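Both complexes shown next keep chain A, but they swap its partner, so chain B is in the first and chain C is in the second.
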Partner chain A sequence: MYRQTEILQDATQVSPLNGGGDLEGAGDLIINVGPQHPSTHGVLHLVITLNGETIKKVEPHLGYIHRSIEKMCESLTFRQFIYVTSKMDYLSSHINNHGCCLCVEKGLQIEVPERAQVIRVLMDELTRLASHQLWWGALGMDVGALTPFFHAFRERELINDIFEETCGTRLTMNYMVPGGVMADLHPNFQRRVHEFIKQFKLKIDEYDELLTDNIIFKNRMQGVGVLSAADAVSYGCTGPVARGSNVVCDIRKLYPYEVYNKLQFDEVIETGGDCYARYMVRMKEMRQSLSIIEQLIDQVPEGEFQAKTKAVLKLPKGEYYSRVETARGEFGVYIVSEGGTTPYRIKFRSPGFSNLSALDHMARGGKIGDLIAIMGSLDLVIPDIDR
Partner chain B sequence: MTKEELKNKLTEIIPTATLDESSEWLSMTVAADKFLSNAEIIRNHPDLNFDYMFSLTCIDWKTNLQMVYHFTSTAHRQPLVMKVELNRTSPEIETVSHIWRTAEFHEREVYELFGVNFLNHPDLRLLILPDGWEGKNPLRKDFEDAVNMIKL
Partner chain C sequence: MPSLENITDDLDVWLYQQFGATATFLIESVLIALLAIGLFSILGLVLIMMERKVSAYMQVRLGPNRVGPKGMFQTVADTLKLIVKEGMTPDGADKFLFNLAPFIVMIIAMVILAPLAFSKGFQIWDINIGVLFITAVSSVSVIGILMAGWASNNKYSLLGAMRSGAQIVSYELSAGLSVIAIVVLTGSLRISDIVASQENGWWLFKGHIPVLIAFVIFIIAITAETNRAPFDLAEAESELTAGFHTEYSGMKFALFFLAEYVNIFIVCAVGATLFLGGWMPLHFGSNTQFNHVMDYIPGIVWFMGKTFFLIFVIMWFRWTFPRLRIDQLLNLEWKYLLPISLFNLLLVTLMAIMGWHF
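And now, the complex of A and B:
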């Protein structure tokens, strides 16, 4: 049952709410999308106020998989809490772990060996590719094309196989630890990444043929869910959502971490602000990620994969903030330490939470069919929003 | 802009603020009744122009609550942390959701998890927690729940 809100009570009256643009004789209609709906990609509940086919208000109701990870982390040590964060944004688990490790390393001033830095960046970019592939497939399905889903999952399996070989698992890897990575690369790693690059370079052109230039797909995406640059900043949007609206916000470029400042890659910016611009940003980002992996895969330096750290980590009293660029945007970790073995307070700034808050603004005045396309272009991962 | 330049500008523009340089970013503590006017200054002053709020949270210090706001600017990229002390029995602070719209969701989250009352907030309801959790604030340090909480 949804919660009683102001707008729901208004809607019980038959007269139109705002006069003006309403359909003549039509009252407002309240529709529940979710919590179990294929297009929400998880358990997200939207209460939509409609007039005819036009959206007047979208109200997200969250919390169906809220596990209070922030509270949980207060009783876990600085080594343990990193493993919980894999379960937040399960499509960017490497990058979530990375952000947490950076924060702990900042507090303890641990110098990470160069080999570990390169391995971390390689894993991050593979994660970004896998995440964007899943998004591409799911977006196709949202707007009515089933084929992309199978294409995307075929290539994503290759990345998951690479992860499985080195990290032991396919989805929540828990591979990064304070000071480096948990284990050295598998001997097959480089060969398999080369095979993957070779195959994916052909397939990404196929992706473009399937959707990017498809006129039906373009009609569903172009001019839909427009978000201006000023609104994107005000709503705290980051990642491809903000970059589609002409906002420079790539953390890898603005505040480089690990070896990102030594790499050649472009921050992809589109000016349209609509669903198609967000789509193009992610498509181009896949090619950028491929280029980063190509630059690094043969240049993994020899040496230690983990710095020597104490068995029990104690962060000095103070506060630490680190941020990384996940596939969905800026992920921030804010740790307040009292000098003990566990954090006093942890806050995770998840990109999906802020991106979702702009959904109402983007969908208002559009058609109900457009809402599905907008949600697809936001690339929502619900555990990341609920935490 | 560097941290030092930001410090000089802030002491010039808001002389009443207490600045702290011990952390990575400059942090500014303001009184709760001066918070809204200071927030408007840092957003609208052409030299400061903090248009992007990237984090809004609260810390329970057992004796009092502390609101922590993280701002940065798309123009000069130097982050600023703003802190406001609130009392624990009836915490109240002005909303900033009309200045940074991302604050609307973040404030609702802090409202339910810490019990902070945001004055003039357009839609202050539970966001994450289910019905019936009003008045119970899980992220406060003295929160106990024998059913849903597993002690680690």
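And now, the complex of A and C:
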């Protein structure tokens, strides 16, 4: 399925700027976008081949922030390795931890108390909201509107405050333990969440007024970076990127975990496949997350917030896989255990990596501005891609 | 009542009596140059501060508030920092052109100042082709930008410069045509005549819908010409890092930065002169009492007030709109603005011939 790519010519030979020009592909301009660039949102390095302003090829180069997290996890116990995953997709750190906990619980067959399940889902959805808010602001910056970033952060700050109170941390919360959550909810939690819901419901309409219906924004997004459903599947795209291309892939609906099967929410599907469809998926997802939080916030059941587990966890010999829906798509955790206290081998399936692989396909034939808009609509988090 | 006109006239007469014609001309030239440079530095400080505060309040934050009262000296501090910073020239750059470019951009901005009328009789050079002079000279600034982009030997700079070239050359047309609309109505290219023709009402009010259309097109075109968002494709920091001035640092960067703001001031001043009556106070037909009160406000206040209102509008654009893509930008000009302004010019001409304006 992946298109045959030509071998990259040496930039010094073919660039007309450097006196070249006789070779094949003369007139092409090869530009390094990144690793330090305002809109790669991290240390992503793209080598783009341009003809004038039109993009002929995009080649992502990875590895600038590779920390070998998977290898690191092999020397950490089943209690410890969970928290390393916070540093992968730092915007969905709680959901990453969630996936790992689900995998360990599956292996040990731990029954998670219902209160813990509800708390986990609440935190998941708050994390998703915070992540989408940041994406919304960053996308605005990518297409040249600087104001949305600050407006998004105003609401995101409220979520971070809620996290800070209950979890002790604002970004990488490390709130999960196998069998439940680390600590009980803060007494202020419900009041704070209600305040947040009240404010965010007003402000999300403001978001729409500021960006969604803006004619320039629509022109920049509609029909740009079209990804067909077949392509989305073949590139392994998940999350809002795939759902924008009319692919049903919400793990919360397809393989429900925790209390998701008891909740009323819709899987947001858009048919356009362009940047605007991906944008609308996330905007509608924010409202869905808000509705999930509203359903749960007054229904947190009484009881234990943590199941009783052994101090040292030993997964029985075997292979375990679990998946969760992060803000960016499907996050899979695959553990091979030899029966010891540490995983024998661990593999994470990160949504960002697959989504990034579709970038070249989408950006070809577009302009530089399109490439930036597409990257914004993919919602890339580079540590998630490199691990 | 002492006015700026009296002051300049008295000074001229006094200098003439003291030193004779040649020396008077020389002294006045030096004085004007000093005034222009002073105005530029003050404008730089004020406009950058204004931009920061406007953006801050639109972005639910406070903006600079540490240096001096209410952060007013923040720009001074920044300028000091830029002055003492090393002025780097990249190895592969064309050193002569690279260092020349910021000065060209700056000098062009200074030259356009000449025919602007700040108040009654307070004008450097009341040339009889004032409007033409402004349009002609302002299109030269693209050379400085192209020079900067080419000489930097940086692909981002080159792309930014090329974008800027395409953009400014295209939008000159619309800006020019909407300016011509006023010239047609006034029958003169002289700035003082244009201002005088608005004594009983500004063209924006007198000229019916065609002038309103011309005004809107003019605002769009000048926003594009000064490379401001949503037309800031030449810099486009999320695409081209900083576009044509990627490689510039220190005072050379500051000159580009200052020139941008001075250009905004100048185009807004031109807009205020042509459409909003320049230094003319707001008059309502035969309401003499109201007109009398308005007359007490000095012309310079009217002029600056109108100009700064337009500047605020342009800043408002910047902090609200996303950026256009290069092909959309050119489509907007060639497919929409240019045909509309051409047709609009016909309407205005018809209106002027038939005398349908007030």
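The definition used in the following text is that the second predicted complex is superposed on the first by the 363 of 387 C-alpha atoms of A that agree within 3 Å, B and C clash if a C-alpha of one lies under 4 Å from a C-alpha of the other, contacts with A are read in each partner's own complex, and residues count from 1 in each chain.
To be clear about the criterion, a contact is a pair of C-beta atoms (placed from the backbone, for glycine too) under 8 Å apart; a residue touches a chain by one contact, two chains touch by 3 or more.
Please read all numbers here as calculations on a predicted model, not as lab measurements.
In the superposed pair of complexes, A:H194 makes contact with neither chain B nor chain C. Of the two partner chains placed by superposition, only chain B is touched by A:R349; chain C is not.
In the superposition on chain A, A:M141 makes contact with chain C only, while chain B stays out of contact range. By the touch criterion defined above, A:P38 lies against chain C but remains apart from chain B after alignment on the C-alpha atoms of chain A. Residue contacts after overlaying the shared chain place A:Y235 against chain B, while chain C stays out of touching range. When both complexes are overlaid on chain A, the residue A:K284 reaches neither chain B nor chain C.
The partner of chain A that touches more of its residues, comparing chain B with chain C, is B.
Once chain A of one complex is fitted onto chain A of the other, the partner contacts of A:Y334 are limited to chain B, with no touch recorded for chain C.
Of the two partner chains placed around the shared chain by superposition, chain B is the only one that A:G318 touches, whereas chain C remains out of contact.
In the complex of the two chains, the chain C residues touching chain A come out as 55, 58-61, 153, 155-156, 158-159, 163, 229-230, 232-233, 236-241, 319-328. Remark: chain B residues 22-25, 51-55, 57, 59-60, 68, 70, 74, 77, 100-102, 104-106, 123, 125-131, 138-139, 151-152 touch chain A in the complex. Chain contact summary for the complex, chain A toward chain C: residues 15, 17, 29, 31, 37-39, 53, 140-147, 149-151, 154, 210-211, 214, 216-217, 219-220, 367-370, 372.
Across the interface of their complex, chain B is touched by residues 3, 5-6, 61-63, 66, 68, 70-72, 75-76, 106, 231, 233-236, 238, 247-249, 254, 318-321, 323, 330, 332, 334, 336, 344-345, 347, 349, 353-354, 356-357, 361, 386 of chain A.
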